[in-house]
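As structure tokens, here come the structures.
Below, chain A partners chain B and then partners chain C, in two separate complexes.
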Partner chain A sequence: MIRSHHLPLMVTLATFVLAYALCGMQYPSMFSTRVVANLLTDNAFLGIVAVGMTFVILSGGIDLSVGSVIAFSGVFLAVILRDTAIHPLAAFVLVLCITTAFGASMGALIHYLEMPPFIVTLAGMFLARGAAYVLSTDSVPIDHAFYDVLKDIYWKAPSGGRFRLIGGLMIVTFVVAGLVLHRTRFGQNVYALGGGAATARLMGVPLAGTTIGIYAVSGGLAGLAGIVFSLYTSAGYSLATVGVELDAIAAVVIGGTLLSGGYGFVAGTFFGILIMGLIQTYIVFDGSLSSWWTKIVIGGLLFAFILLQKGLTWATTTRRKTATGFATQS
Partner chain B sequence: MTDDPRPMLHARGVSKFFPGAVALDDVELKLYPGEVHALLGENGAGKSTLIKCLTGVYRRDGGVITLDGADIAPHSTLDSQKLGIGTVYQEVNLLPNLTVAENLFLGRQPTRLGLLARRRMVTEAREVLADYGLDIDPAEPLTSYSVAVQQVVAIARAVEMSGKVLILDEPTASLDRDEVQLLFSVIRTLKARGLAVVFITHFLDQVFDISDRATILRNGRVVGTRLLDGVSQTDIVTLMLGRQLEARVHDRAPRTLGDLLIEVDGLAKSGMLDPASLRIHKGEVVGLAGLLGSGRTETANLIFGAVPADQGRILREGHEIRVTNPREAVAQGFALCPEDRKTDGIVGDLSVRDNIVLALQARQGWWRPIPRAKVTEIAEHYVKALDIRLASLDMPIRLLSGGNQQKALLARWLATAPDFLILDEPTRGIDVGAHAEIIALIESLREQGMALLVASSELEELVAYSTRVIVLRDRRQVSELTGDAISTSNIIHAIADEPIQEAS
Partner chain C sequence: MNIKATLMASAVILSPVAALAADLTIGFSQIGSESGWRAAETTVTKQEAEKRGITLKFADAQQKQENQIKAIRSFIAQGVDAILIAPVVATGWDEVLEEAQDAEIPVVLLDRTVDAPDDLYLTAVTSDLVHEGKVAGEWLVSEMGDSDCRIVELQGTTGSSPAIDRKTGFEQGIDGHANLEIVRSQTGDFTRSQGKVVMESFLKAEGGDSICALYAHNDDMAVGAIQAIKEAGLKPGEDIKIVAIDAVPDAHLAIAQGEMNATIELTPNMAGPALDALEAYLADGTLPPKWIQTESKLFTASDDNQSIYEMKKDLGY
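For the complex of A and B:
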């Protein structure tokens, strides 16, 4: 049964289908598996980080640090693989531990010091970016046999598209996140927090654990996105992925999640990512359009979705059913 | 019961200080298993604060709490829930973005293989709610149901949580008689099961109906604990107020009606209210009676333009006026004090002062600010007139006690000096003393020539101040009582669709 809070998700889905159909009518080759595969591969790191952002925004917060954390993870991996003999897998685990702990400590600051997430994660953003600079200011190439092995893992579709590991990783992330959000107590607590922290507290939601957990998830996924990004670019560069946090926020909002928290689905974020990737692909296909058009279209979409959400909130509050539902109404 | 050597919960010497106020001072509360214990006191006496100290929402500044003989020190609602203390707090208790079932089970959802069993959650929720006479779809969002249903869900949630103690802070404020009776039957079952139940309310009838003992607070101190069998309502009220509540003799002397002020002609909105017509004169109080969901609030909202009507018209002194939104209504000299202060009323973080002048300032226009001194004068006047208890005018209104917030909201609309005042449940959550004052206030406003439309579920109250009562049923006006025909029994008959008895 479709409920009003499912509507933004439906709209996102419809937008994607419509946009894809229009693109495909103009350039039939956009329907090819190659384009689909590239869409997934190119947006893998953004998708993963947007999943973390979905947790944060659902809880009514924001995480501005993720772009810097991705850059930091990339540089960290590049430097550690260049300077030590450590196995990449061990390095991955190390990166995930560091970034998760980083996110968790931001969450702790937000909860215990009652500071706005905006400020705390802004500080985190500078901190992570600074740490990346400290490690190296140049782009450090990653040249490791294991990286080549990972990059060679792909599934070739009959018509030629190569579905690579990192695209698959993104999809797995989305599926797991969906399960966590909808089918675990932690996930329910995330929604509860977004519905109102004061009420959630009076209902017995463990605010400290949930807040710390949410930012730990976001930090950890930013770390995972950093690993994926380093696989994607085979390098670590401290100036990379500037502003990716804003792309992630845009994807979440286009995906139908309410910026003030409480309402939304991780599936929406997936289509948000695909819509943004689609616009980019279209511009590449067109060839004559400036890539700035991507930003303009995304800006327009954002406005449209925010208006839609306002409208929906308005419609549900004024047209609230007053049915009492008491069986014994005499 | 009282000879049981060990209380279920025993709080001693509980104190709580807020900046500028001593909310609790050396309070003792003893709850025995299998008793319903009423906690009584005026608005701002410290009832809610005591509950919050017991359940770990506030850190108490002193005192010892034992549960079942063991010392406890809960630091959060979660802790107290784990200890078997379920609580319905006075504030909003549920989350609007979750479904009914999710709200009911938040924190203790049934799981299978580590994942939530959503379907089972819905079936179980349906079973639980059936015990409360609710036949609703728990998979629907909470907000698709009325405040009364939400309140019952909150109570059901607390009951499910409480293994030892159940605390209810004004749970019946938005419930109808029948619903209250259902709640009481649930409470009686819990009592038989040996739970200790704390019940806070301003309805003394309900206190005597369900409670065994009562502890009375005044200004943060316990002024007495009484077995309710041996005392009268008057004793309790005297303890609460620290003085006698003088009985008001209600005279039914003929009242001089002023000119016709407002005429509502066939105002309706499909699905909300069937065409309603009414005429209100200056110096008249028209009461709206009916069960919850009968269309009382809807009538008020349509007339005020809070919800645009889809047919009908409103005339003011014979001229048709346009009232499609509250701003136009305010410009016409209308005012509406809404039923649900939590969602439609107060701006929690704004100071009491600013909350009181909000409507007046809005009518003047934001570009013509009211001078600060004037604002303070207005605010002080109403704080005094309505006896609003506060530490300072600058404190955020959300820190006031529930009943005092309600009074501040009333002050906001009185400050606009309206010609036509609509009050929706003006005495909800207000203590007996202030209750009488508000009724007196309505009388005096009427005498000054104001036209009032008052929706209320308290029939005695309606009878006390109405010059005419309109009875609604199923979103329709079913009858109108005037003069001596206005009596509680006649209103009940009209609501229940039985023949009206002649005034005796």
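For the complex of A and C:
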């Protein structure tokens, strides 16, 4: 039986299937492997960062710093590979350590100073963007043999679509995140925290560790997204990925995760990303619509999903009331 | 089902024929609409495509490279006949250009170039900024003849490539003519308001009577300077000769009113030469040169500036 908290996920899935079918009816080449491969490759960095955002939103928080962290990671990599002889793999590890630590310290501030995540991560957003500018204001090209090796890893489908490494990395991230959320103690704690800090404490959830862990995951995944973005554009640019945090939040909400926390699935986020990518692809295929329609359609979808969430919350609370009412009567 | 089958069939039939017939579909990935010139470029590109009966798929990247890459990949997936790109940055195009080459879709760069091997694109259509400055310098040389002329220069944003190149070009243009001398040169940041402020300081420092000509790196600064010259009680275009670059509608209007003498066009019509090259290439495989330089046309009072103004003002400048 489909439980009510599965419903938003089902709605997301149905929206995606329906939208894809409609697009494909109009432009048959939308069903080609090229489009599928493009959806995965072009949205890889957004998908990875949206996984982190799913953790944060499930716990009832928000992380506005991720877009800036992606830009910082990219510029950091580009500068370090240009100025030193460090191997890219070592640089990747360094970036992941820095961004995870950055996320963890934001989590610590949020927990110990009892500050709203909105404010703390807003400060983090400015800090990371500022740091990127300090490193370089120009677009720094990355020219390293190892990057070429990584970029040449792809599987070419017979009809021409190229499934690249970064798209695969995104899928792996989603799978691992799904396992962590549903099969580990940490995952349970994330959901519990989203249900309410007071309840979570009564349930014996270690609040400090969980909060710090969640923001560390988000920071680390933003760092990973930064690495992917640097592979995607072969450059680090401090002006890149402005506003990506908002796209990630939108993908999470369209994916059916409750903004107030506690309910949701990473699988939903995956389809949220695909829906957003699909809209962009459709607008390019059409070629006469203004690309700003992407924003309008995503805005409309967000509203629809927020209304749906509100409706569901309302429906479940009334049903529970009636249920308890019957219980006392009998 | 029936419709879908027909669509599928027509797509299959059309794609090989399209290259031969005039029925072309071309994707255009534009940077955005950050300046009046760029808006005009978009309008002109659409007009040029329509004139030739080409279906233009237009994608505005809103200043983001990731949007441009996505758009180009979607164009490839759609199987367009050719792609035009005005790249937002120079780096990071190799991968997507390789995919286009793999799908045998020619790519033409508009207005800017990229840091990628030049076998990945068919050609680049850009203006030559040094040449623009040189045309301005040469115009002033022929205008002045042997009489002495003290020139003031309004530079573009310090360190920007148009400012550097347009300065170099102008100096090349007046080189060897000792009667022409640049006496003051300062940045007006390409803006109207700064152009006015800096011109005011030139007039104060040099005295209005000892300045014979003004060279501005763009029309906007020249239009600001005209205001400053008028406020100083002098006649722009007569007491002080004015030459600038870009040929925006307001410059044509100023020339028509006799307040400015010459402007060199940075044409928004990059698509015209690009589409010519593409049509020739798709028809019989004619390879264009790797760089197509757009014409840097000189406009002076002898042109019908009023009607050019009327024509240009609706392009979106």
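In this section, the second predicted complex is superposed on the first by the 320 of 330 C-alpha atoms of A that agree within 3 Å, B and C clash if a C-alpha of one lies under 4 Å from a C-alpha of the other, contacts with A are read in each partner's own complex, and residues count from 1 in each chain.
The definition used in the following text is that contacts are C-beta pairs under 8 Å (C-beta built on N, C-alpha and C of every residue); 3 or more make two chains touch, one makes a residue touch a chain.
Keep in mind that what you see is a predicted model, and the values were worked out from it rather than measured.
Engineer: After the superposition on A, what does A:P141 contact: first (chain B), second (chain C), both or neither?
Structural biologist: In the superposition, A:P141 contacts chain C only.
Engineer: Counting only touches as set out at the top, which of chain B and chain C does A:Q188 meet: first, second, both, neither?
Structural biologist: So A:Q188 only meets chain B here.
Engineer: When the two structures are overlaid on chain A, which partner does A:T269 contact: first (chain B), second (chain C), both, or neither?
Structural biologist: Neither chain B nor chain C is touched by A:T269.
Engineer: Does chain B (first) or chain C (second) touch A:R201, or do both, or does neither?
Structural biologist: Touch partner of A:R201: chain B, not chain C.
Engineer: Scan A:T100 for contacts with chain B and chain C and give back first, second, both or neither.
Structural biologist: Neither: A:T100 stays clear of chain B and chain C.
Engineer: Using the touch definition from the top, say if A:S68 reaches chain B (first), chain C (second), both or neither.
Structural biologist: Neither: A:S68 stays clear of chain B and chain C.
Engineer: According to the stated criteria, A:D42 is in contact with first (chain B), second (chain C), both, or neither; which is it?
Structural biologist: A:D42 sits against chain C, while chain B stays out of touch.
Engineer: For A:L179 in the superposed arrangement: first (chain B), second (chain C), both or neither?
Structural biologist: A:L179: touches chain B, not chain C.
Engineer: Classify the contacts of A:Y232 with the two partner chains as first (chain B alone), second (chain C alone), both, or neither.
Structural biologist: second
Engineer: Which residues of chain C touch chain A in the complex?
Structural biologist: Residue positions touching the partner: 3-4, 7-8, 11, 27, 55-62, 64-67, 69-71, 73-79, 89-92, 94-95, 99, 102-103, 115.
Engineer: Contact residues on chain A for chain C in the complex?
Structural biologist: 25-30, 32, 34-35, 38, 41-42, 45, 139-141, 151, 160-162, 229, 232-235, 237, 240-242, 277, 280-281, 283-288, 290-292
Engineer: Over in the complex, which chain B residues touch chain A? Could you list them?
Structural biologist: The touching residues are 57, 76-78, 81, 87, 89, 91-98, 102-103, 106-107, 109, 111, 114-116, 118, 130, 133-136, 139-141, 143-146, 148-149, 157, 161, 178-179, 182, 272, 291-293, 297-298, 307, 496.
Engineer: For the complex, give me every residue of chain A touching chain B.
Structural biologist: 1, 3-5, 179, 182-185, 188-189, 191-192, 194-196, 198-207, 262-263, 316-318, 320-330
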